[in-house]
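The following blocks contain the structures, represented as structure tokens.
Each of the next two complexes has chain A plus one more chain, namely chain B in the first and chain C in the second.
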Partner chain A sequence: MPTQPVQDPEENLPDWLRALRKRQSQEPSEGLGAENAPSDLPAAASEPEPRQEPSWLQEIRARYKKTTGSLPATEGTELGDTQPHRVKAADQAPVEETPAAEETQPPMEEPQAVKETPPAFEEEIPESQDEESGAEETIKPSYTPAFTEDQVPIDPGVLPSWLQALRPGGSYPTEDARSGEMLPGVEETSGPLAGLSDVLPADASIARVEKPPVYSARLEVTENQGLHAAVFIKMLDETEPPPVDEAHRVARPTRVLNLIMATVLFLSVLFPLVTQSQTAGLPDPQLFPEATNVYSLIDGLPAGAPVLVAFEVQPALNGEITPLAIAILGHLLDRQAQLVFISTRPSGPALAERMLQEQFSAVPAVATGAYTQLGYLSGGLAALRSFISDPRGATLSTMSAGADAWQNSSLDPIRGINSFALIVVVSSNAEDARAWIEQGAGVLPNGLVAVTSAQAAPLLRAYLQSDPLTLLGLVSGIQGAALYERLRAQDGGLGRAYWDAYSYGIGAIMLLILLGGLYGRLIRMKPEKPITSGAARGT
Partner chain B sequence: MELNQELLSQIGLLAAAVLTLITLSYAIGDHPLFRLVLYLFIGVAAGYAAAVAVQDIVLPQLVFPILNEVAGTPSLDLVELGVRSLLAVLLFAKLSPRTARLGNPVTAMLAGIGAALAIGGAVQGTLLPQIGAAAGTFDVASFELALQGGYYGEGIRIIFDGVVVLLATVSTLAYFHFGAASRGKQEPLRSIFIDALAWAGSVFIAIALAALFSGVLLAALGALIERLAFLREIALMFMGVP
Partner chain C sequence: MNLRVNTPFAAAVAIAAGLFMLASLFIPGLEEPRNRVLNWAVLLAALAMLLGLANLFTVHFDKVRNKQQPAYSAVLILAMLIAFGLTVWEGSQAQLPSWIFNNIQSPVEASLMAVLAISLTLAAARLLQNRNDLMSIVFVMALFILLVGSGPLFGIEIPFFTSVLGPYVSQFLSTGAMRGLLIGVALGTLLTGLRILIGADRPYGG
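This part shows the complex of A and B:
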């Protein structure tokens, strides 16, 4: 770094300013007393002798002269700007000053208070200050100082009022916080910049690499929490995931097995259908009293009795339920029941109408339209409850055609849900039938009968034994169709036509389940092959 | 041009047969045609439901009454029509995320009424009758009659039925009992009695689930039989066999 000799700022002072300062030095009380100096400054403090310096400052100057010769120009300039003010402020400010003391004018202290200045503050006083002893008059500063040391009556340890007014907010360092390495003029002792002065410290604290503190990762749990965690871990340990190699070995022949099972099932079902065989024995009605109850209830209906048929059939299972529905509706039509159809499913009325037209178009009641389609009952459970409470007040889709179905004179006797002699729920799933049972509980003293798909029967069987009884009879699936046709001594029905295929199909399914179980056992008994790298990658 | 009705019917039957064959071909694996048929079925079902809702519900219950009111021939009371229209508009606001909050009251009303009906119906139509049936597990009157008449086998059957039902009910409930007594610093364990009952309950639960699964399987088998019978009829029809 280039260095320049120190120049005293007093050297560049113009003549008029020198004359002014000389006059001020002669009249010190006029120069500062009116504006800056406190009015109660003692005379001894307001007129210090130019060569009188505190002893501590003289010691610093002496020590600094021994170690360094000259300071860089920048340093001198900087010190010329700041350091005199710092020294003066330190000289005037009390060592222990309180904010309350700042507001009021502090009393001047005795000169010996300077001796209480902290040593750290003494060390940071630069060497340039001693130059003012002899060469002060020759230095020409590049600025106009507000006051000079020989003019301002500085009492050590006391701040003047104007300086106190400049201090920011009362929070300021009482001493220089810089470390010795950051002080100007100190040479670098390590690294590539060793020997150079006025450089930023190379080993700053932010560059130091320290071992991070180690925090404990151990959870603080109570004994009770530990016990619960042990139970949870035990449960997790008991759940064994399937071995990867076994799953891989089983998945390989899945497609072949699917084809084999599909072929066996198709052939077992298709063969009886093609040959029109009727060799399988029909189910025994004695084993299905719930189906016999349905038959008895329908068979006991008087001619012209109104029967409500809730046709809750989904299109996907229409094929399965068709044989049974045909058997039930055929029986109802034979008994000359007055059929009233309704559905809470949008496709229900269309499927019911299609079945009537395809299967019973020759029946006089259907041919003449002596049945009623109330249509689609929209609104779910709320609409169903409304219909059960007041059938005539419910909103029905058939009203959209402008013709109210209830205007039919054949429905005049029907004033409530109990006016129907029987309620038949034809449902492809258990939920729809259960909705009718639950919403009709307590309202339907005669209960209802359900004609359902085979998948709904297990869930609805519980209602056959409930107390009070909420389901009077139940018929389900192909088996129910064959059984009902047998009860009616009917030949040529779809139930009987499908019964052989149904029986052989069940036999084939049982055989496949049995063989599949044996195959699975054999697979497990087979010694495991070592997993190859390709198998491990899933290739 | 007027299409022949019989020809249309035959085309419909042929299309149904082709779609059925494509659906059954799933046995050899998943393929795009099967997915196409699947989407077609779902789309047709949803479209039909929407058409029914619009034609049979929205138009006659809302739109036509409003048009009649505008035309000066009211078919509904003005207050009822206003309530219907307001509820419909609020529900229609659910279509946009910005106005969805307006439809919350209507949705809440629908959900609240549905939940109340479902819970009330379940309690009144399922829970209480099932509890009543379980409480009368042992048919004491029939048992006494059987003993008086000398039908001891029937009496034993009644007792056996009652024991089975009682054991099934209690053990199934015990299976869902997960409480365990604390044993100090040792891990809590269920009592041996509860464990044994829970094991028996798992057997009954397995039987119940097997019954449900067999029902689904039988329903699918019935549908398969009906479809294969339909294919046979179509084949015979196109072959000219009466």
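This part shows the complex of A and C:
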């Protein structure tokens, strides 16, 4: 680009900026190359005035003039991309330049500014630039370039060892004819290949070997933004993270609540037992006709009638079953029934035996062993079906001990399940009682009665109204025990003793549920407090 | 040694046994062979329980050998061997096996049930706090009616609840619900039996 003689713009620049531009103009740009130099710089900025050169540069220039007698040609950095020139001679061409490349190289034009280039370069000035040549000739470099080809003391076409070491190895492609077409007349202006033409340009990101730019980490913020940031940082400092162990905070009141509830329940049940309170009214028999049916069936048994007692009780619910079973078995023993025990649960025979020995050891039938333990009937529903079909043919646990219960002469009249005058199923859960009802529905014309825990009653109650009738009567829970003792006009029974404790326990449970429900409602209705720093910290 | 039967033979045996048991309920004269087959099933069930015992022993013995909480497994194996040995040696009605049952097993299970009662009370008390919707309120109301209707509270009887409302809920509403449940169970059992009889379900393999 031709430069126009203009007024020196650096006169108004400060000294430091002037010195900086002077250094930029004197030192060839590293890495970027001349073609990447900033184009918006004023032309005068790249041409420092000779009178402004420092003394050391003037000395170098003087020595140079003494040795060479002329100024070296510039590398075309001032002329830039608009006035390319080419290396004419083949000996000045890059190493390994092929003849085909020479033939295909288009003629290159020599800018005006390189008229004073060393003899190695031949001037070919295009006609289009003849008019500008006059202006170009006035441009003379005012500095000593760091590298000029005419003063390089190396033979043309022979690269020094250090340059050969820098050159890429054999893995890189060599120059071919296409380079001339692709990059007509472009001469490398920097790097180890400076001065060579027809060089394949490296990718910008690959060729960039300088250190990565260091950007400032400081944000350029306005004063207002800085104030906002300060307020935000202050808010973050005041806000504490949520409690670390949330589960621990939840578990502690739950554990305390558990202890309180257990204590209240324990005391409410223990108090009537200790004081032997009998203030609670007994249940009304009119409300429980199924219990009255059980009483009537047992009360109508003739003396010595065989009664099968299926004792399907788990140890966990034995405490609830015990007062009820005592009431029923006591009634049966009073009627001098011949009791035959069996169970489809392994724990059933042991619990039945314990109850008999603890509660009825004074009864002659128990004391003399006038009852029969058939033992445990393993096999679930299949075994139960087998026993109902053929009681004598069923496999019982007592047989494994070498004792056949059916050898007892008192059981001789019993030939089938229908030989029993009554079947009483004492069950702690509904499934066992249901199995007896369903498996014996078609075989037991007289049906059976169930003595169960309170949790089994709702399910079994549906069988009370079946047609044909499969369940003749039902007594359940502590309530049933108290009711049955009332029917028998029995005083001092275990059911009556437990009835007050049951009443107080139910009352305590009701109270706890109501208080807990109200507390839950209050917690939900309570508006949330605004979060303060102290509350967030848990202080 | 893997003795798994994976041929149609297993399915044929199972289907034939099921059809025979079903037919014996309707055809007179088949009671005796039916009871014999049922006794086979009872013996197989007893053997299966022994196999379960052996499997339990093997699992916990491996835990002791691999030191995976060996103390608990060692206690379990020791208790199992003592109870099993004493019961086999003396019989289930003997003094020592009865003492073990009455003084160890029964109190432990009763204690667990007592803990369950407290946990259920706590759950009911916290129900409205944790889940405050319509069904929770209905559940708590039904619980309230049944508990009040089951007997006097603190020795004080509330007439309307114990004589009218409580019996109505426990004897009519719950009975209706249980009948529906039982009908569903019966239909499911019938369908399961049919699927096994036609070979659609083969839980025994084959």
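Things to note:
As a working rule, the second predicted complex is superposed on the first by the 275 of 539 C-alpha atoms of A that agree within 3 Å, B and C clash if a C-alpha of one lies under 4 Å from a C-alpha of the other, contacts with A are read in each partner's own complex, and residues count from 1 in each chain.
By our rule, a contact is a pair of C-beta atoms (placed from the backbone, for glycine too) under 8 Å apart; a residue touches a chain by one contact, two chains touch by 3 or more.
Everything quoted here is computed from the prediction, not taken from an experiment.
Look at A:468: by the touch rule set out above, it reaches chain B but stays clear of chain C.
Applying the stated contact rule after C-alpha superposition, one finds that A:498 touches chain B and leaves chain C untouched. Of the two partner chains placed around the shared chain by superposition, neither chain B nor chain C is touched by A:63. Once chain A of one complex is fitted onto chain A of the other, the partner contacts of A:234 are limited to chain B, with no touch recorded for chain C.
Once the two complexes are overlaid on the shared chain, A:18 sits clear of chain B and of chain C alike.
In the superposed pair of complexes, A:415 makes contact with neither chain B nor chain C.
Applying the stated contact rule after C-alpha superposition, one finds that A:456 touches chain B and leaves chain C untouched. Residues 258, 262, 265, 315-317, 319, 347, 350, 375-376, 378, 380, 382, 385, 395, 397, 454, 457-459, 462, 465, 479, 502, 506, 509 of chain A touch chain B in one complex and chain C in the other. Residues 254, 257-258, 261-262, 265, 272, 277, 279-281, 283-284, 287, 314-319, 347, 349-351, 353-354, 373, 375-380, 382-383, 385-386, 389-390, 393-395, 397, 401, 454, 457-459, 461-462, 465, 479, 499-500, 502-504, 506-507, 509-510, 512-513, 515-517, 519-521, 523-524 of chain A are the ones that touch chain C when the two sit in their complex. Chain B meets chain A in the complex at residues 24, 27-29, 41, 45, 48-49, 52-53, 55-57, 59-61, 110, 113-114, 117-118, 121-122, 124-126, 129-130, 132-133, 135-136, 182, 185-188, 208, 211-212, 214-219, 221-230, 232.
Here chain C touches chain A in the complex through residues 31, 34-35, 38-39, 41-43, 45-46, 49, 91-93, 98, 101-102, 105-106, 109-110, 112-113, 117-119, 121-122, 124-130, 132, 140, 143-144, 147-148, 150-155, 157, 162-163, 167, 170-171, 174-175, 177-179, 181-182, going by the rule given at the top.
Within the complex formed with chain B, the chain A residues making contact are 223, 227, 230-231, 234, 255, 258-259, 262, 265-266, 269-270, 273-274, 315-317, 319-323, 346-347, 350, 375-376, 378, 380-382, 385, 395, 397-400, 434-435, 437-442, 453-459, 462-463, 465-470, 477-479, 497-498, 501-502, 505-506, 509.
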